[in-house]
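For clarity, chains are labelled A, B, C, D and E in written order, and residue numbers in each chain start from 1.
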């Protein structure tokens, strides 16, 4: 297992958000996490990436303990994420946004920058190249100089993904990347997720409410409800699990009495 | 005097001074609460209020005298006048800036402060104006403890104003709207809240409070001048922040604490009163290190 | 040479010290007007003043001084804040411009003076000595000293403390307050608690007035004395009847010399308020400068400086002026005043 | 485009103008400076003007320009803290004071050579940066404002109360330095010293801005959490901003002290801090040329208004107000939107 | 709404948009990202000023009215991104929704109705509204709008971020509201659902209305299905 959660529990002021969760993501896999609103999915991302500190439990990445680490340290170890609400750096260009990802893979300090040491210049070049490569990968070459927040929403989502890729992660966490996308864009997103895994060998953990996308892209699905995992399995079995239908899917909307 | 008496006296004096800071801090915090502006001109509104109160008193002292009644009426006049001035300042200087970076509004406030200060300098020629009243030096002595009537009235007036305001903001829907405006103006508009009106009311109240404090200070201490707002502005700012900026009860608490710190800071054994402010600021910094949003400020957790 | 004689006035006319700066400027312009009305200097040339606002800030005062120097003033009168005056000495020195320092009196100024400047205000040393004599004369043992943390009042407070303890007495409280602070209750308690028999306030009248008021309000019955920074009629406006019986150390001013009486009333009628503590010195400074120009018979810097230093003890509003080799006032003529009936009177023991 | 076809990635955004062509004349002027060739020419012109100015103008001009250049250094330093990293600092004069007093004390009280004293001053400033930065990193800007204000006041009161700093009178007779036999003494000498300092500060600011650290400041300013999620250590980044800013401030202070020859607490007051902040915001936070412009305005403004006597600050304040109202993001803001 | 043009700075977001929403109808506005859907709603609710053109409510022009005045006339906008007032509790958020309701009894009654509709809000009423999960926030936003007692509701992507089950619930609620007499203008990314719910639909593209028609008809239109329903579904 690339990522392993053991007995992770989290609560806020008495509200239990995650309850003794055991969960794992295998290397090179596309894994989805679904569940009703408020089930604790985003919180689980926050726990993994160090934004929330669980009251109990272990989290390891490639065998290394990450539970007490600060978010930036977790990122350095190889976990990158996007946010449920797009959080790009406003008033900065697309390229500058993506370059943020390379920060943890570079080192030059203030003095090196002021003196323009050769090592610093080489490093800057490398940051630039990697960032452009990531932009190219998500299909945004040519947009690098525009203000990120002026892009269409679907593109902003991609910038976020490129920025996460620029951290050179082993595991990529995507929080509802398809929200607000139209179906064409969703299709393209599916392609992109697959390519991330296939071409870069990055494992993907996905939160998404769009069932067709989830069923289409995931190799494995875990279902979270009220902070506990209720089912895990391949798309087909999860989709037909009565517990999941009861808690999450509801009747097919075709049957909506309109 | 025994140590105990002196302790009590320090306590009482600190509370008097503190309730005064609290009153000024209150206006500061209200304005901040609504438009997230550190209103550097607040101290100068206080100064303007003192002059307005002085003017008011000369108007009414003819038939009401310069005693409590006259001062009270003068204070109301000053509150009204400076309240309106506050609204005008908001309209002219801050309103056009609402979309601008927060620091820009801060600088605008600074410019307003300079304008008020230098206008007062030009008008008064820099002279100290004696604010003479018929209030005596009388008071109550309890053993070695002394409380002047002026102090009692000052504290009572400040307390009444503060409690009224606290009730208004926490208990009424309008008060809630004031808080909402600071969070998301467009959303408020969509809910039918007249954002400009709410802001104007806030400035009116905040500036009015500054004027009340200014008039009281004038009457209590007996002299006013164009630069008197500077130090108190800083102190009110400090008090508001310590209490948790934006929080009304916090401002009161912050004011009282600051008053007590200064009062006791004068008396710390072994170090002289020249270190009083260093002492005060160090404590304040320590407080913030452990309570990063002030004593009663809400910590703003952001969801990811 | 024709045209007006341009004199620079260096004073803080903006910022927190503007009260004093404007006072000085007013007094200087009063003097200049009188001289001009009398037919000016050097065969009818009129005096023209240019203001050099220092805002009591060292950097700004250097700017002001350079500007005055660039405008080729014949001389400069003024200097209120010692801290802001000190760096300007070099500016005027380099340009060889005569400078009459009328108020700033920190001892720090003495060694920085290249020789073109004269100081017509006695320095803190003289005043500390006057204070020592006065309090000893009153049989005081425990003295409280309060200053405002600026160069002048801290200097005076330190000098007095040193003199007082050297004479074998006790300084029971040595306190600071911030300029503009209005509430002194904690301080008053501390002074009372210290058992002080007398209080010496070394700073200015505005805050001094408040302190006196609050000391008396809270029942302090000992002696209160104030330094020359507080020697203003305004003190009575601010402190009210609490100022009765307060003592002040000062050059003999306004109320005692016939010429000064005239000055005070002229000032009052022209500017609508009573002259402040440094108005007479500022007025004297301008008169002295004019006298020196007249004596030099030209606007040449060296000649005027020479004339200034030759001042031979003639009487001015604030007493006779002549200089030591360090260009400071040769004598201390501090006198003790007492507040009585809402004004200062001469106190004779 | 076919009426019903789904939009392709490239054609959605034709009316986006994040970097659109400038339209009004002012923007055109700004844009002219953005092109590298012209920028170079502009740099050379400005440098040439700076070099010849003292020879064709009065000593007064030299003195206030020196002062303006000092402010350029200070403002560029504060710009790193406020403009880049977004940390409100109301006590920046403290760093200025640390630099000035360290050199003042070492040279005047201990007879240390000026140049030998500089490293100590820089270390003291860096330490001050860490002291103020350390406990404040969790604070939001308003709280940060009061802590920095408090820190600034603590430094000033300490300078006023201690004997070694000369109390309220401060230190005087700080000896002028020499450099390879050149005794830096006259106002023109100091003018050139400050020209060099300002140019260095400019170059350093620019290089920092274009570096990994400079970007990290912006990321942290815009969105701390997102920055953290990208692997940026926000504590270290903010500290770096404070320390860098402190060093700029200290350098200003070091040369300020020898230029005036005397320093006292009133040079490092809250108003001083506010004035520097004013210049930074007025010019345009984060934008180097804007900040430089701001520094010049703040210094030259009140000087040019000297003929108005007592009213000069009133007029200046009204002008400031007008500038802010007409250019709310500063005269030359970081980004046009 | 007639020939409305709206700008963000120099960016033109609407290029002559005209649309009609009849009383008691559900009208849906479809379009891809950045087409101008949200801007259209903002122009109606007064957040964005129409530079040119007319916006009328019941025959009266509201183009010049301030946003809060439009809201007072019964037009409530549930914006994109929910915009929960951070720092205020769930209950306070809801109460402010009824700011224009002067009758406190009516306010209380509406509060109970909203709690009945979304029990989770009742459960969390003392919690800071911004700490709710994404889906819970969406419910709060809807509830807040209902507190107002609107006659016209402008809904901007109400299903965004909701679990499938809740999407159906929300759609049901919208339908119920409409049946109770509320006029609804719905912006949705989920075009299939929207077209099933709505009576009439507009398609906007690059700030211009590209097509319009009865929802049932558009649903049959192959090209629409292709463009906005995609092949995936």
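The working rule: contacts are C-beta pairs under 8 Å (C-beta built on N, C-alpha and C of every residue); 3 or more make two chains touch, one makes a residue touch a chain.
The structure presented is a predicted model; accordingly, all values stated were derived computationally and were not measured.
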- Query: Which chains, if any, touch chain D and chain E both?
  - Reply: A, B
- Item | Most distant chain from chain D, judged by the mean position of its C-alpha atoms | E
- Item | Computed distance of Cα centres, chain C from chain B, in Å | 35
- Note on the structure: chain B and chain D have mean C-alpha positions lying a whole-number Å distance apart equal to 32
- Task: Please compute the C-alpha centroid of chain B, do the same for chain E, then give the distance between them in whole Å.
- Result: 43
- Message: With centres defined as the mean C-alpha position, give me the chain A-chain B separation in Å.
- Response: 48
- For chain C, residues contacting two or more additional chains: 14, 18, 22, 149, 176
- Query: For chain E, what residues touch not just one other chain but two or more?
  - Reply: 32-34, 131, 227-228, 230
- Can you list the chain A residues in contact with two or more other chains? 42, 51, 83-84, 152, 154, 182-184
- Message: Give the list of chain C residues in touch with chain B in this complex.
- Response: 14, 16, 18-19, 21-23, 149, 174-183, 185-187, 189-190, 192-193, 206, 209-210, 213, 216-219, 234, 237-240, 271-273
- Query: Where on chain E is chain A touching in the complex?
  - Reply: 32-34, 81, 120, 131-136, 138, 157, 160-169, 171-172, 175, 189, 191, 193, 196-197, 227-233
- Using the touch rule from the top, collect the residues of chain A that touch chain E in their complex. 12, 34-39, 42, 84-85, 152-154, 176, 179-187, 190, 209, 211-213, 216, 247-251, 253, 256-258
- Of all residues in chain E, those that touch chain B in their complex: 45-47, 66-68, 71-72, 76-77, 79, 83, 85-88, 92, 95-97, 99-100, 128, 130-131, 144, 148
- Note on the structure: Residue positions on chain B within touch of chain E in the complex are 173, 176-177, 179-180, 183-184, 186-195, 298, 300-303
